[in-house]
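Look at the two complexes coming up: subunit A is in both, with subunit B in one and subunit C in the other.
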Partner chain A sequence: MLKFDRVSKVYRVGSFGGDELTAVRDADFEVRPGEVVSLIGESGSGKSTLGKMALRIASVSRGAITCDGTDISTLRGNRRLKEYYRRVQGVFQDPFSSYNPIFKADRVFAVIRSEYHRGVSDAEWREKVRSALDVVRLDPAQVLGKYPHQLSGGQLQRLLIARALLLDIDYLVADEVISMLDASTRIDVLNLLADLKARGMGILFITHDLALGNYISDQTVILHKGSIVERGGTEKVFGDPLHPYTRKLLASVPQFHKKWEEVEAELRARELADTGSRDYHLSTAQEVPGDLVEASEDHFVQPFVPGVRA
Partner chain B sequence: MSLKVSDLRVYYRTLRGDVRALDGPAFTLADGEIMGLAGESGSGKSTLGKSLIRLDGRMKYVGGAVELDGDEVPVWDDRKMNDFRYKRISLIPQYAMSAMNPTRKIGRMTAELLESRGVRFREVREELNRRIELVGLDVDVLDRYPIELSGGMKQRVVMVLSTLLNPSLLIADEVTSALDVSTQRAVAETLVEFRDRRFVKSMIVVTHDISLVYQIADSIMVMYAGRLAEKAPARTIIEAPRHPYTKMLISALPEVGVKYAEKRLTGIPGSPPGLLDPPKGCRFRARCPLASEECEEQPPFVEVERDHYVACWKAE
Partner chain C sequence: MTAAQPLPDPATSPDAPVPALPEAPKREALYFALRNPKLLIGLGIVLAFLVTGILGPFFLSPDPNARIAPPGLPPSGEYWFGTTQFGQDIFTQFVYGIRATFLVGILGGVVAAVIGMAIGFVAGYKGGWVDEILNMITNVVLVLPTLAVLFILVAYMDSRGVMMQSFFIGLTSWPWAARAIRSQALSLSSRDFVDLARLSGVRTWKIIVRDIAPNMSSYLFMTLILLFGGAVLAAAGLDFVGLGPTDGTSLGLMMHQAVKWGALQLGVWWWFVPPGLGITAIVGSLYVMNVGLDEVFNPRLREM
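Let's look at the complex of A and B:
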C-alpha cells in the first residue's frame, strides 16, 4: 500500500528564501494494490507535486509517504532506492520530451536492462520485452528500432508504460499521461491502465480532466490549492458532490448531451435540497480549517460553512 | 451568408514534396453562426484557420476561393489581404496569450497594434474600456504587463483586442485548451457573448475538444486528414452522426458519469495517413470498419439532410 500520511510540501520562496509557499497541505490518502486513485485538481493544486513526492523527485516537507510500511524518505543509498524504483515507477505528460531524440526509442528498455536485469540472457530479455509490449498492445516490429520522431504520441506513451512493466512494478504514478494524446487514441491508453489495475497494480492517476478520472478510478481525491477538499469512492464524489469546489468543477466541465446551464440547474436544485433554505449559498461558502470529516461511509469532505446569498 | 469557402487547397512545401494539409474543403458559414471545427492533430483544422488570414512561407496556395460577405478574399495575395486582416477577418492563434509583448504594458501594446493597422488608439479607447469591463476585467489591466495577468485574464484581453474593430469573421484557434476547467467555461461563454452583442458576425472555433465546442457552437464541422468529414448542427453531430469517423470519435470520448467497468469505450485503431502522399479515395478508408471497394473513390461532401453534410458513401 502506498500511503500518504499527512504529507505537506513547503517551498522556500522570495529573496533569501524568507517566505514559505505551501504547495501541498496535510494530504492524507492511500493507493491500494488493484486500485486506481485519481488525483484531480486545477493547475497549482499540488497534484503533480504529490506524484513527484511519491517518486522521490521532490522531498517531503512534513508527514511521510510509506510504501508497505517503509517511509520512502528514509531510503538511502543506490541499492535501496533501486529496490524502491523496481516497485514504483512514473509516466509523465509529454511523451515527446521523455525521450532523447538522438537515440532510438527502445533505448529506454536497454537502460532498464543494464540497471536492473544484468544477468538476463539476450533471448530471455527479448521474450521479456515482447511480453511487456504485448501487454501494452504494441507490435514489436512497429516500434523497436525506431526513433522517437517516427512514432506517434500514443505509441511513445505506451512504450514508457511497457518500460515500467519490465520492472514488475506494484505502483504506477501516471501524471497526465493522456492529455497530450489525440482523442481517438487516448481511450486506448486509458483502457490499458484499467487492464493493469485488473492485474493487481495500484495506480495514482493524476489529471485535471474529471471525465477521465470518473471513467477509470475507484477512488477520487479532489485537490484545491494544495488541500484535499473531498475524497472517497468515485461514485460518491461524482454522484453526490458535497464540497462547493467539487460542485463548481463539475458544473464547469463540458459534457455531452448536457449543456452547462442544465448541469448548473441540477446542482442548484441539490444545493437547495441540502440547506432547505434559499438564504444559504454554497458558492460563498467558507472553509473551516481542520481535518476532513466523514460525511458517509468512504466519503470525506473538508468542513465548510455555507455563505449567505448575496 | 457570411463566409463561403469553395474547394480551398493549401499545401505545405517540404523538401520531399508537398504536404496536402488542406485538400479542398467547401463549406459555408451563416450570419451569426458559431461553428466548431474539430479534428485530431494533423487534420488541417489550424491550417484552414491560418489560410484565411495569412499564408506563411511554407504554405502554398494551390486553388479554390473564399468569399466573405459577398467579396472575394484574395488569400493568395499577401498584400491585398491587408484590407481584410484584423478589420474584417480576425484570428486568435493558438497560444496567442503567451505571445503578448512582455516589455510593453497592455495598453501601449494595443495602441501599437491599432496604429500599425491605421486606426487611432484614442478613437477606440472608450470602446476598449467598455469591452474590457464587459469580459469581467478591470480597466487597470491596460496599465499592467502581461506577466501580471493570469492565463484566463490574458486570454480575455486577447479576445477583446482581436475583435475591437468588429470583424465579420473571428477564428479562435484552441483558445480554451491551456486553461483550467472553470476558466475554460468563462472564456467559452465570452465567445458566445461577443457573437450575441454582434462584435463579430460569425465565428470558427477550432478545437480538439468536441465536448467543449458542443456547449457553445451552433454547428460542428469535423475534419480528417485535410478534408471535411461531416458538418451538422451541434446536437446532430453528438446525437446522430453519420460519418463513421465522427461516430467512432464521439464514442471514444469519456464523459462524467461513464465508468470503465460499466461501459468500456474503444479508440479508433490505426493512425491518420501521411499527407505527403495521401492514399487515393476516402482517407479514412484504412481505419474504417465499413470500407469497401467504392471507397477507393473520394466521396463528395453532400447534404444528406437539411444543414447536415457528410462525405461518405455509406452515410445514406
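Let's look at the complex of A and C:
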C-alpha cells in the first residue's frame, strides 16, 4: 500500500528563503493494490507535487509517504532507492520531453536493462521487451530503433508504460499521462491503465479532467490550493459532491445542451436547498482548517463555513 | 541478430525498417561523420596544422630564433615566408610557433574546460546551496583581474616553460565557461527525461555524463574551442610583457615581435600575416568542425 500520511510540501521563497509557500498541506490518502486513485485538481493545486514526492523526485517537508510500511524518505543509497523504483514507477505528462531527443526512444529500455537486468541474455531481453510491448499493444517493428521525434505522442507514452512494466512494478504514478494525447489515442491508453489495474497494479492517476477520473478510478481525491477538500469512492464523490469546490468543479464540465447561466442557477438552487440560506455564496466559502470529516462511509469532506454574499 | 525476431506483419508496417535491437550508435555516427563536408574540411585543416606543428620541426633548424639568413627578405623559393629584420626564417618560426600554440591552447583549454565543466555541471544539476557556494567561488575568480594575477604568478616562477604557462592560464580562465555550462545544465536538468533517468536508479554522475552532457555536446565543444582561443591569446599577452616561455617561440610571440619592431610601418607584411592567419585558420576551422559535429550527433539536424 502506498500511503500518504499527512504529507506537506513547503517551499522557501523570497530573499534568503524568508517566506514559505505551502504547495501541499496535510494530504492524507492511500493507494491500494489493484485500485486506481484519481487525484483531481486545477493547475497549481499541488497534484503533480504529490506525484513527484511519491516518486522521490521532490522531498517531503512534513509527514511521510510509506510504501508497505517503509518511509520512502529513509531510503538512502543507490541500492535501496533502486529497490523502491523496481516497485514504484512514474509516467509523465509530456511524452516528448520524457525522452532524451538525441537518443533513440528504446534507450529507455536499455537503461532499465543496464541498471536492473545486467545478467539477462540478449535473446531473453528481446523476449521481455517484446512481451512488454505486447501488453501496451505496440508493434516492435514500428517503435524500436526510432528517434522520439519519429513517433507519435501515444506511442511514446505507451513505450514509457512498457518501460515501467519491465520492472514488474506494483504502483504506477501516472501524472497527466493523457492530457497531451489526441482523442483517438486517449481511450487506448486509458483502457491500458484499466488492464494494468485488473492485473493488480495500484495506480495514482493525476489529472485535471473529471471525465477521465470518473471513467477509470475507484477512489477520487479532490485537491484545491494544496489541501484535500473531498475524497472517497468515485461514485460517492461524483454522485453526491459535498464540498462547494467539488460541486463547482463538477458543474463546470461543459455540457452539450446547457449554458453556464443555467448551470449557475442550478448550483444556487442546490445550495439554497442544502443550507436554507440565500446568503450562501460559493466563492466566499471559508475552509475550516483541520482534518476531513467522514460524511458517510468512504466519503470524507473538508469542513467549511458557507460564505456570506457581499 | 534479426533472425531471432518475429517478422513484422507486412500489411501493418509497409515500409518499417527492420528493428535493430542491439543498436550500434557509434557506427551510425561514423556513417554521418564521413559524409559531412563541414566536419571533414574543418578536421582536415586542424589536422594539417597539427601534423605540421608536430613533425615540421624535425626537418628544420633546431633553433627557430637562429639568425640564418639575410634580414628583411620577402617570401621566396628559398625562404618560403621570408625573413625577419634580424634574419630569422619566418617559416621555421611559424612551424615551431604552431607547436607551442597547440600546446598552450590544448593544455590551457583542457585545464579550464575540466574545471569549468565540473563546477558548471554540479552547480546546475544539484542546485540549492551547492549551486550558491559554487556560484560564489566562480564569481570571485571571475572578477579577479586575470592578467594581473598571471603576471604575479608567472613572475614568481623560477623557470618558465610552456607547460607551466598553460597550466596557470587554465586555472584562471574557467569562470565564464562554468557559468555558461551551469545555466545550460540547469535548464536541461529540469526536463522530464532527467527525472525518468532518476526513476531508473541511474547515479547522479551518470545522468550528467550520459543524459545532460550529450545534449550540449556541441556547446561543450564550442566552449573548448573558445577556451583554446582564449588561452592562445592570453599566452600571447604574457609573451608580450616578457613573461612568456624563456626559450622557443609561439604564434603570439611572433606577432608581438613583428609589432614591436615596426613591421607594420616598414611594410614587412610577411612577418605578421602568417602567424595571424595561422591562429585564425586553426580557431576558425575548429569552429566549422564544431558545426559539423553538431549535425552528426544531433539526429534532428541530420535529416532535414
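Here, the second predicted complex is superposed on the first by the 280 of 310 C-alpha atoms of A that agree within 3 Å, B and C clash if a C-alpha of one lies under 4 Å from a C-alpha of the other, contacts with A are read in each partner's own complex, and residues count from 1 in each chain.
Here, a residue touches a chain if its C-beta (ideal position, glycine included) is under 8 Å from a C-beta of that chain, and two chains touch if they have at least 3 such contacts.
Keep in mind it's a predicted model, so treat the numbers as computed, not measured.
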*Between subunit B (first) and subunit C (second), which, if any, makes contact with A:I112: first, second, both or neither?*
second
*asked:* So in the superposed three-chain picture, is A:R268 touching just subunit B, just subunit C, both, or none of them (first/second/both/neither)?
replied: neither
*For A:G90, decide between first (touching subunit B), second (touching subunit C), both and neither.*
second
*Now for A:H208: first (subunit B), second (subunit C), both, or neither, which partner does it touch?*
first
_Just to be sure I read the superposition right, which of the two partners does A:R12 touch: subunit B = first, subunit C = second, or both, or neither?_
neither
_Just checking: does A:R199 make contact with subunit B only, subunit C only, both, or neither of them? Give me first, second, both or neither._
neither
*Which subunit A residues contact subunit B in one complex and subunit C in the other?*
none
*Partner subunit B, residues of subunit A touching it in the complex*: 42-43, 152, 182-188, 190-191, 194, 208, 210-212, 214-216, 234, 238, 248-250, 252-257, 259-260
_Quick check: in the complex, which residue numbers of subunit C touch subunit A?_
1, 4-6, 8-9, 12-13, 16-23, 25, 191-193, 195-203, 211, 214-215, 297-300
*Once bound in the complex, which stretches of subunit B touch subunit A?*
40-41, 180-182, 184-185, 188-189, 208-212, 214-215, 238-239, 248-250, 252-260, 264-268, 271
_List the residues on subunit A that touch subunit C in their complex, please._
52, 55, 57, 78, 81-82, 85, 89-90, 92-94, 97-104, 106, 108, 111-112, 115-116, 122-123, 126, 129-130, 139-142, 144-145, 147, 149, 160
